[in-house]
Amino acid sequence: MTTPRAPQTPSFDPGLTQQYTGALLRAINKDGTFNVKRRGITRFAESVYTQLVSISWPRFLGLSLLLYLAVNTVFGLIYLMIGPDVLHASERDSGLSDFARAFFFSSQTLTTVGYGSVFPSGLAANLVASIECAFGLAAFAVVTGLIFARFSRPSAKLIFSNRLIVAPYREGTSLQFRIANQRSHVLTELEADMLLMTVETDAGGQPKRNFAELALERRSIFFLALTWTIVHPITEDSPLWGKTREDLERLQAEVLILIKGYDESFSQVVHARYSYRWDEMEWSARFLPVFGVSPAGHLVLDVSRISDFVRV
Amino acid sequence: MTTPRAPQTPSFDPGLTQQYTGALLRAINKDGTFNVKRRGITRFAESVYTQLVSISWPRFLGLSLLLYLAVNTVFGLIYLMIGPDVLHASERDSGLSDFARAFFFSSQTLTTVGYGSVFPSGLAANLVASIECAFGLAAFAVVTGLIFARFSRPSAKLIFSNRLIVAPYREGTSLQFRIANQRSHVLTELEADMLLMTVETDAGGQPKRNFAELALERRSIFFLALTWTIVHPITEDSPLWGKTREDLERLQAEVLILIKGYDESFSQVVHARYSYRWDEMEWSARFLPVFGVSPAGHLVLDVSRISDFVRV
Amino acid sequence: MTTPRAPQTPSFDPGLTQQYTGALLRAINKDGTFNVKRRGITRFAESVYTQLVSISWPRFLGLSLLLYLAVNTVFGLIYLMIGPDVLHASERDSGLSDFARAFFFSSQTLTTVGYGSVFPSGLAANLVASIECAFGLAAFAVVTGLIFARFSRPSAKLIFSNRLIVAPYREGTSLQFRIANQRSHVLTELEADMLLMTVETDAGGQPKRNFAELALERRSIFFLALTWTIVHPITEDSPLWGKTREDLERLQAEVLILIKGYDESFSQVVHARYSYRWDEMEWSARFLPVFGVSPAGHLVLDVSRISDFVRV
Amino acid sequence: MTTPRAPQTPSFDPGLTQQYTGALLRAINKDGTFNVKRRGITRFAESVYTQLVSISWPRFLGLSLLLYLAVNTVFGLIYLMIGPDVLHASERDSGLSDFARAFFFSSQTLTTVGYGSVFPSGLAANLVASIECAFGLAAFAVVTGLIFARFSRPSAKLIFSNRLIVAPYREGTSLQFRIANQRSHVLTELEADMLLMTVETDAGGQPKRNFAELALERRSIFFLALTWTIVHPITEDSPLWGKTREDLERLQAEVLILIKGYDESFSQVVHARYSYRWDEMEWSARFLPVFGVSPAGHLVLDVSRISDFVRV
């Protein structure tokens, strides 16, 4: 668990392309998504489920409400089409128009509340109502299943220090960043991977994206109870050996971070991605401690100080 | 992660049989299923759940509707059997036959819409209605649970290049194919396995199916953000070394592809299978790039060009 | 994936005990459960959920029905206790006793069918009804959740050959058994472990249970499309080397089988356990093939012939 | 599977901090939680889902009831605000106040029981009722989803012996503790890790928390059918070599235990944590057996004797 992995062959493709086609935006956005657009696929190929699970809450609830109104309107119109008297009402002079009565009857049927103040009469209306309430039960179950899926999705809420630091380390220097768990549930068996992406010129004089794994002092920890400082020692084997701030800017360096762990509250493996570009690095600095001890003897972690560092 | 696995002993059984019994269809179909039929097991041994989850949507919905009608018919007949007057109706002259009234009352009970325009009267009818609505609640929950299970099932929608290409590679050649993710959700920790299936003659002169793993330049990638070109270098260790197009046809060669990855949207591991036969290989070709850069600096992947190649 | 694991130190405890306390029944039953009883724990410590998920269908449905009747009886009595007239009924002369009316009103409330032919009147009855229907919704959801959990549980339905065979193998012999998948869904990434349990006398002359891993020719296969014959070569390293049928009886030998695989239909890892005792072994035999080719060129697996062997 | 892991470099951070800041409480509580408080994060950042899934049953049910009453009160007030006559009631003189009638109508709508003894009249009341019952269906589904999630959560109920024992082992001594599964469902593929946490003085004379992995005789077992005695042999490589009881007290030694396994009933990986401090260790003792054989030949495990030991 402690041995850093052997340094990789300097160039490989971790899943992005090596081909260089001009100045690019960062590879990984601050929210962990990739800066990639795709063409040639219809929106239809996407899973409806994952779309509905990942859109924002206001959009989701708006969509649900719209659907509810649309379905009631459609069924309301069907009842009107069948005939003016297929819906019996306890009170005729309720001030509701025929359409409003049909619309509300539809909603009472769809939700199976079925007050009975309005009820279907005749074969056709009964048949439509019978199908509507079966459909309603299924539709509501799916919508609420989606609601449930939305807020029971596992998600790591890791906080990353906002700088990548070149810090003193034993006799030399190292690249360091720090993470903390924003939530109180425990993450176990954390693993980190660190990749350096640069733009270099290949043998043929062609600019090319270059990827290299950065060996870590410790690739995994047992649990994330406090913070974890992830350390890449800049040894002679490191692709960063001898590089200056100016070198990294010229190479358009971006350090890609991949973290996974097991979230006990969700009983699932969760992933997080992050990246630091050359202009988000701090040279010759050191992280400040983020915890103390309470009078009662508890360790106290102050998550808000995760990014605090001091120049050395 | 980068070291290709050592070449395997030339013949082993990956889960299909080695015994050769005449000309066979391909081992893996284009949709990833195996070309195997089974006998000696009753349909009953199958899990009802997996059957209901994997049949097509029209069949599933048709089946549900049929079940709904059947249950209502059965309960309707039970009410009729109990007696003509066990169902009280607000309006006697609704133009409904006794059976239709019983049928619709049953559907109002099963779905728990319960308008009350018709209601049970007497001990027997009340008892049946009381059981019907409890059964209805359970049945609808199961059906909608199935609906939800159906469209929340994880599934990789990988697109494979439609040709397997023998491409120039360093000083020699290599076998290559390309995949892309049809969906926008991210796949991480992808792993690929490539197997060569051939029919060869064993020591006793008996034709026999032969399996060999094809060592890959890179067995796994961190994430599938764009495309992944999977490369088997045809070195001296490769079972394809020195083989020609005619050799592969004679050997009825089929290259089996197994891919797995972690789908973040579904928080689950997903699998894909594919295969290329000798007549789906392209000799001396090279894949064309499938992406460019948008004016805003985003990488743009054109999934529709995944199979594009040029002869060299 | 192909290298058999190095032979283990001859004695270790895989999770059963090494202590020998007289003649025992087999360690693993034919249905995969362990032959262990436990004492000193209250039934209460068990998870209610797992109990309800694992009892038989008749017991589960009987229990649910009983609960339904009990809850309705309790609520019915509460309504009666509040007063004789708290339940208004559309028809007074329905032939129902006061209790029956209260019981059926309760069931109409619990299931939320709410015909309205009987409805609560006054503060107390309304309050109780209001709580009953909220409780009913929750209770039904849990019951149906359990129903769903019951039949969506992943389970490998592997068929094991009913004999463990000592078969010719290269120059020597080997221990072999065969499995097939009873269901049509694909299992991938199968792994097998084989353990030998014997009763031997230790240095102090004390009888003691002994466990040894039996190295397999191939510990894992990519997928289980047909059958898998699991082979332990009886080499000089094997604890079975030189052992006769009589030796194994004297040692009360039991071969424990542990198999796991990934079930694509359930998207989950499934496990199976099995064991063969010395009297379920067949010496000098060979399995017969279990498949042929259909006229259309499909491989056809005959699962019913999985145990067929011939003496050699 | 049997080789104990090589001893680690003596000091590393497994996820707690190495910085020493005075006398601390134990690192891991007896219920497996970490003794860490956090500051600088709003309660809001926590996942609502995990909070609702992990609070106690009384709090959860109280909260649900409160929400139910609150929602009905709010909707009841809305109906009153719309006007005095928007709710038609079958009986005017039921002894209910206007608010009580509105409140109970709201509960009948929210739960979709909809007796119809009270029903909405006019556009505004119908509209509100139509939205309330849709909202009610969704809300109830979420609440019952939570109930289901609460009691279907996988959780290992492992019992740990209440002492960590320094027991005779081969020629030397070893550190031992024992676990048993409190539930009857089978745990497979168990893995254990044992860490020693001490407070030592570093080169600069600064007190510092020190962590070291304790190599285990056997890190994993195939299944937990009876008990598992986890053994750290105190060899010359062990950080405990030559340490006395007084040494461990001075070092404030705490042995951290991490266990994971696969729970077949839940089809999920479960984790357990535990720790023993220096004052929970027993020197020169031996565990007593916890099982016998029933007359029928079954192994019988007596879980209540898991902690029984004898001094040697």
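As written, the chain order gives the labels A, B, C and D, with residue 1 at the start of each chain.
Convention: a residue touches a chain if its C-beta (ideal position, glycine included) is under 8 Å from a C-beta of that chain, and two chains touch if they have at least 3 such contacts.
A quick note: this is a predicted structure, and the numbers were derived from the prediction, not measured.
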Longest centre-to-centre distance from chain D, chain (CA-based): B
Pair sharing more residue contacts (C-beta pairs) when A-C is set against B-C: B-C
Between chain C and chain B, distance of the C-alpha-averaged centres to the nearest whole Å: 25
Chain A-chain C separation of Cα centroids, rounded to whole Å: 36
Chain D, residues touching no fewer than two other chains: 108, 112-116, 141, 145
Complex interface listing, chain B residues touching chain A: 1-2, 68, 72, 90-91, 94-96, 100, 104, 107-108, 111-117, 140-141, 143-145, 147-148, 151-152, 155, 157, 182-186, 188, 190, 218, 221-228, 262, 264-267, 289, 291-294, 296-305
Interfacial residue positions of chain C with respect to chain D in the complex: 8-9, 12-17, 19, 21-25, 33-41, 45-50, 53-54, 88, 108-109, 112-116, 119-123, 126-127, 129-130, 133-134, 136-138, 141-142, 145, 149, 153-154, 193, 195, 213, 258, 268-271, 273
Residues on chain A engaged by chain C in the complex (per definition of touch): 112, 114-116
